[in-house]
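Dropping the structures in below, format is structure tokens.
In what follows, chain A forms one complex with chain B and a second complex with chain C.
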Partner chain A sequence: MSTTTEAAATAGDPTTGGTGGKPPTRRQRQAAGIADAASVGIKVLLVKILGLGIIDALAIFGIIILLGASQWLVAAIVAAVAILVNWIYFSRRKLPAKYLTPGVIFLVVFQVFVLVYTGYIAFTNYGTGHNGSKEQAVSSLMASSLERVEDSATYPVTVVDRGGELGLLLTDPDGDALVGTATSPLEPVDAEFDGSKAVEADGWTTLSFAEVLARTDEITALAVPFSDDPNDGAVRTPDGSSAYLYVSALEYDEAAGTMTDLETGTVYSDIGTGAFTSEDGEELLPGWQIVIGFDNFVRAVTDERLAGPLLYVTLWTFAFALISVASTFFLGLFLAIVFNDMRMRGRKFYRVLIILPYAIPSFLSALVWAGMMNESFGFINQVLLGGASVPWLTDPWLAKVSVLTVNLWLGFPYMFLVCMGALQSIPDDILEAAKVDGARPWAVFRLIKLPLLLVSVAPLLIASFAFNFNNFNTIYMLTDGGPRDSNAPIPVGFTDILITMVYKVAFTGQTRDYGLASAYSILIFIIVAVISIIAFRRTKSLEELN
Partner chain B sequence: MARKPVPGTQAGLVVGELEEFDEADASTRAHSALADGPVRDMPRRPFNLRRWFTETGWRHVVGIVMIAFSLFPIVFVISSSLNPNGTLTGSNALFSKIGFDSYVRILTDPQVPFTTWLGNTLMISGITALLTVFLGALAAYSFSRMRFTGRRFGLIGIVVVQMFPQLLAVVAIFLLMSAIGDLFPAIGLNTHIGLIMVYLGGALGVNTFLMYGFFNTIPVSIDEAAKIDGAGHARIFFTIVLRLVAPILAVVALLSFIASVNEFVVASVLLIDTDKQTLAVGLTKLVSNPRYADWSAFSAGAVIAALPVVALFLFLQKYIVGGLTAGAVK
Partner chain C sequence: MRVNTKSLLAAGAVAIVATLGLASCAGADSGSEGEASASGTLTVWVDAERVDALQGAADAYTEKTGVKVDLIGKDNADIKDDFIQQVPTGKGPDITMGAHDWLGELSTNGVVAPLELGDSAADYLPVAIDASTYEGTVYMLPYAVENIAVLRNADLVAEAPTSFDDMIAKGKAAGLAQPFVVEQGAEGNPYHLYPFQTAFGAPVFGSNAEGYDPTDLQLGNAGGEQFATWLGSQGKNGTGVFNTDVDGDIAKQAFLDGTAAFWLTGPWNVGAAVDAGINVAVDPTPSPTADPAQPFAGVKGFFISAESKNKVAANDFLVNYLGSEDTQLSLFEAGNVLPANAAAAESASSDPIIEGFAAAGADAVPMPAIPAMGAVWQYWGIAEADIINGADPVTTWQKLASDVQAAIG
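Right after this comes the complex of A and B.
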């Protein structure tokens, strides 16, 4: 290992010219550069230019769209990255960067950035009812409380379409044509008239009668704002041929930041919680997304109904990971010892059949086990236990045992393979020496084999712990975290581990709470980070890197 | 009796062959020597059932018990996939009926686009595996062959980042992809390209480390010889080094392939339309209520889905075991 490294260090970067670590002189660098350039064929150069050209074209396309959506910062970042990439690949040096850039870009966006972004979401109230900006919340509230204005004018209307987005083309009492969509208010447009009714407008496709019928639901739900001021109301069409003016039962006062219900006179004001709230605490939803500081964390640990589940889920996560590692390791080790005897016949046969569970995709195995453990119809109760009804997956404690058993089934072949390899790599002369000194088999195992085995297997045990700590598939496919804890306000159950709880809080149930789910994620980060630091300190594996 | 295998010897040896074997394989015999008395005396002893049992017989008992434990879910799923009529209860009598009706059902049922899921899974996992190998090999090559500022930091960074799997950030990934999807529908939410891009975020991780270790075992003198012959770095990498490290590339590709086939969390969040989903997402939904699901059709689907993975795994078994001990975890 060390000789290879030294050799690599001497050869090193081609631009160092192999002078054994001394910084190269300018002439040497030039010479290396010329040699490098001379070795590049014209085809390679063409491929390089073509590739970069495609990347640049995509970047420019992206920047144009981002600028159109007023995403200045993102556009600037994309431009900067594109320039950086061009500079790296056209430069004669920057050799390591040429090899690292492609992977690093994906790593930064989809691994590092999303972790940081999770940290940000944990400090917001993002989730059902708090999805967008305040403006979006206002227009959505106004649109949801629209009521038809009594005795208002009837507008002849034609339903039109542009790129899949529905619009209303209507003719006002003066005979002018106006067009608008759910997101853009009515504005004048050049149109062709059939009699006094505008039927076709530039850039829009008129829907035929059959198409109107087919999209009735969409059309009747469509509300086109009358103007930029949401208090002016919107036009809607109940039948696709005539439209009426609707105004909202809510009035938005932008200066005061309040919503007033015109019927009851209740004033809802923005009190900094991300929703308009009346004086007696009633909230108008949807609200909007705001930064709420440590509220999610405080809520997770102080709200009694959330703190209980968090505690038992955390404890169970540790128990699950530890017991899984221990049980799979000891069974695997035991089997490795049993089958590591040269006198035994058919060892290959046993070995192949025993590692089969490891070869099958784990989500499939877990689903099959879930079927077999079904209380009333499963194979285990019906056949193996002769018609018993043991609640394998529905009793809080038995479900835990079942999860551990299935995870043992999934995991022991891996430990078996690993221990087998480690046992066979222990040199025979050490064992022979021990025997000559009169050690008994158990002493040889305990004092020589096991310590040597642990040296090579310990890092894998840590990795296995980290893996099981977030072993989503086994839990989710087998029990779905259940049985469900009916006292908790979030969909959490007695076999949930932290990662399945994050998933369920964020993506299942009536309300999605991205903020709370991300706060739980941050908690997992912290636990994993602490364990990793301790593990790395103990194994010193980072120091061996060279 | 004369050609009966001798108990307590290397499997399958008969008396006549034993003498040659004794000398040739003395080192492997050292293992067995630990468990009992002097080895060289043994072949002379007459067959003794009790001794046979205490020495190797019980190992067969353990082996048979473990095979039963390992195989019974597999036998169950194969049996129920051959059962023509649907339910979970009907699958309990093993191999009572044999037919391929459920295979036909799962492959042709218009409600369950199984073949589409299978195609999606193979495509997504295949492309991810190829690109993961490519990106990882590029990075491993630079870490192994070049010395530059930030190299150690880069290596440590990769170790640290892989401690935090992507599924922890699934909420952020979902929100990021839906934001991207608003502006660029082709690569955002509910697209295969988007999912593959997310998976590639994990390409530089444990895989790079595996490859880095392997690249280090290829002598640098080979690179140098090629350099003297006038080959540039790109040519050395693509035409020489990549060929020499082919075994590790196969292992990483397979591990990455299996990982993507198994991946549920990100795929279930990003792929919304039933026709876009992968097997893990689709089959999980299919049997979310095992009581009412068409269990034998699911079993048939599971067998079809598992076969290619199991075949690849057993085929590349030798290499995978080497790769596993170098740090990969299922």
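Right after this comes the complex of A and C.
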């Protein structure tokens, strides 16, 4: 901890004599270390050990749970991070690391991981119909291709075992007992009956319900051929007490990697698109997840359905973000200047009032505003305007105004707080000097206060722009992008911004296209990042004012 | 050291949170949500509001068979997407509660296992079995059937209306300006208008032996155009019976305040009306034509995960236990929904409210679960909202039909 700083400061400071600029020898360093250790307060040491102890305990607890759940990789990562943290904080040096580690851990968990994962998904076909692995798709296809033979009976069944091999003991509708295994077809057997159900057969051990459950996997996979002819199908039991005769409509050839429809003879093969596809392009779903390269990005920019709406949605997104930032900033600034005036009474009370919109969750206030702006029943039309019928949220232009107004209401308290702080940090002597020089208030504001304010506030304005560019909540809760543009081929509306439009395109109806959604969000990220970088560069010129 | 006690503490706190975060992220997926293990425990995801209703049945099954049933209450809105995402990782539940119209999506994603009802299929209401079947295979154990009906404030209007016009006339006679309310919204609400649409003979899809046929779009037929014309005549430029500014809350408030005597809604809103002290009667939707007004039936049920390691126990629990008349009846008593089991439904109908919904649902048709339905929802409501607000009915309806046809491909 600071022991090292002090040592370094002492060692490096020529005024204290010390080593006079030469690097300390090994003995000197040892001596400094011992002196430091002696100077460390016992309380601090205790706190340090206690803190790390808690972290280690939590890490070990986490690792035990993770190992129990067979999460090897995550467990290894937690272990590695825990060791690293211990090493850093028990070390005498590594002062920068001591400060940086917590932030870096957060950065990795909450930012880097999310970004990398989104990036990865953007290159896959993950979405409806391409949800799991190929193995899962095959087993799911095979399971749903089982068709119960029409008008076949329900067979009461007992699961039996002979030398580890499972068999099904069936009672057929005539009351005769049949037994068979996965390899030998059903054949008559002498059995004991409980009522009309065969429950025990010679040479076989009957499994209890608990034993049946314990061997679920085997029983689920067990298909007993009905006869020597495979076309007669096989008997399976889904619940261990009744069996049914099934034929499969699909055949999977693992070596060739093809699915064959046994009714029509159509062959579906794996052609690298993540689903079994027939020659005429028909896909068998579910398919599976594969990496598909840049396809999602190509689709994102060449989707014909988007060609029309994309332009006006992009324009509106920029307008929405810019106007939101400008309106909230200037209203916040105006109020900050007004309430910064010492002559005003009850300033504290007003300030609390102004911050209130900021304290209400924006989800809630957007919904409340949506209710107040309802054309026939809303508070604004009914009470404030005496029963007028203003289409606040249903007219394309008025809806845009409404969205901006609500966003102004939601956003100005933040700007008010920020400007208030920045204004108070402007030294009074500069302002007084200006007054003495005879500057009028407007000139003081325009030439002195505003530039000084912008030095500290400009980065926040850029952040606010980026936030509003992707302000999903306000749009989604207030208008859900509406009113709908009924001419557009996608369900896009007149107040949709890019991010809400993407949501509608990637998640329409029952289709969830996570790959496409990720590709879009990366494109939006690039747009916002480029704008922010350019803006930050330009604000550097402001800093030269100081 | 003077400065650093604080920073060390802060750093420690940060690291603790981060470690916790890492561990709990990974832990929550597997540990607390319950892994599909073969230990004789069934993990069941249930709509959080129905956990209490199911707990008794789950405990009784454990007592009977020794299989532990672990009910996990989840927000109904998250269940479908979570199930689709978690099943392929092997960490999903063995069984989930859900609605039948998820079937297309669940099946396309390969996350549900087929279910064999065997002879017990005949014990259920036909609409429940139809709804549980997708492409000829049953995937869901039906548990409850829901459909909309007209709630009537019997203190305002004593007799059930015989037709749509009769309903409005009776309401006006009782001195109400807007006697009938139905939930709409800026983007329409086709679910609540469907009974009127079917009364004009315009279902969304035609049917074949396997269920709804996505290649046979019936939406834009002549009946559909008649419905659109009628809807326009009852909209903003007509009688004003339908209003897109009326959303669910406004409709509810109008009925609770007694300014509306009729409210077309589902069983989920009966509680609020009864609690408000209203003398509620339940009538089938009055038809604007001579044909019956058929609402959509929504069937709630249970799905088995395709990756469950306890399929035998899961099948046994659902088919042989949850589907039985006794269990369905006890679920009805705990949850007040119309059971899907026919015999249990019959017993439950001794309750006049349930009987009213059952009668209104006698003609109900299952809401299509086929993926093509997604394309219909996308355009349907907005077209109806436009018509209510004065757009030319026939052209708007034809555009709707062609948009949907184009989206289905």
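Methods note: the second predicted complex is superposed on the first by the 279 of 546 C-alpha atoms of A that agree within 3 Å, B and C clash if a C-alpha of one lies under 4 Å from a C-alpha of the other, contacts with A are read in each partner's own complex, and residues count from 1 in each chain.
Convention: a contact is a pair of C-beta atoms (placed from the backbone, for glycine too) under 8 Å apart; a residue touches a chain by one contact, two chains touch by 3 or more.
Because the structure is a prediction, the values reported are computed rather than measured.
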For A:28 in the superposed arrangement: first (chain B), second (chain C), both or neither?
neither
Tell me which partner A:44 touches in the superposition: chain B (first), chain C (second), both or neither.
both
Mind working out whether A:102 is in touch with chain B, chain C, both or neither, as first, second, both or neither?
both
Could you tell me if A:140 is touching chain B, chain C, both of them or neither one (first, second, both, neither)?
second
Dominant contact partner of chain A by residue count, chain C or chain B
B
Between chain B (first) and chain C (second), which does A:456 come into contact with in this model arrangement: first, second, both, or neither?
first
So, A:394: does it touch chain B (first), chain C (second), both, or neither?
second
Between chain B (first) and chain C (second), which, if any, makes contact with A:339: first, second, both or neither?
first
Between chain B and chain C, whom does A:66 touch in the aligned arrangement: first, second, both, or neither?
both
So, A:327: does it touch chain B (first), chain C (second), both, or neither?
neither
On chain A, the footprints of chain B and chain C overlap at residues 1, 39-40, 44, 62, 65-66, 69, 71, 98-99, 102-103, 106, 109, 371, 374, 376-377, 480
Per the contact definition, I'd like the list of chain A residues that touch chain C in the complex.
1-3, 39-41, 43-44, 47-48, 51-52, 54-55, 58-59, 61-63, 65-66, 68-69, 71, 74-75, 77-78, 81-82, 85, 89, 98-99, 101-103, 105-106, 109, 128-129, 131-133, 136-137, 139-141, 143-144, 146-148, 154, 209-210, 212-214, 216-217, 219-220, 237-242, 244, 285-286, 371, 374-377, 393-394, 479-480, 482-484, 486, 489, 491, 508-512
Chain A contact footprint on chain C (complex, rising order)
1-5, 7-16, 18-24, 26-27, 29-31, 35, 38, 40, 65-67, 81, 84-85, 87-88, 104-105, 107-111, 113-116, 118-119, 135-137, 186-187, 243-247, 249-250, 306-307, 309-313, 315-316, 319-320, 371, 373-375, 377-379, 382-383, 386, 399, 403, 406
If you look only at chain A, which of its residues touch chain B in the complex?
1, 4-5, 7-9, 11-14, 16, 18, 35-36, 38-40, 44, 62, 65-66, 69, 71, 95-96, 98-100, 102-104, 106-107, 109-115, 117-118, 121, 126, 335, 338-347, 350, 352-365, 367-372, 374, 376-379, 382-383, 409-411, 413-414, 417-418, 421-422, 428, 431-432, 435, 441, 444, 456, 459-460, 463-464, 466-467, 470, 472-473, 476-477, 480, 499, 502-503, 506-507, 514, 517-518, 521, 524-525, 528-529, 532, 541-542, 545-546
Which positions of chain B touch chain A when the two form their complex?
5, 7-12, 27-35, 55-56, 59-60, 62-63, 66-67, 69-71, 73-74, 76-77, 87-89, 91-94, 135-136, 138-139, 141-142, 144-148, 151-152, 154-156, 159-161, 163-176, 182-184, 197-198, 200-204, 208, 216-217, 219-221, 223-224, 227, 230-235, 237, 258, 261-262, 264-265, 268-269, 280, 283-284, 287-288, 290-291, 295, 298-299, 302, 305-306, 309-310, 313-314, 317, 321-322, 324-325, 327, 329-330
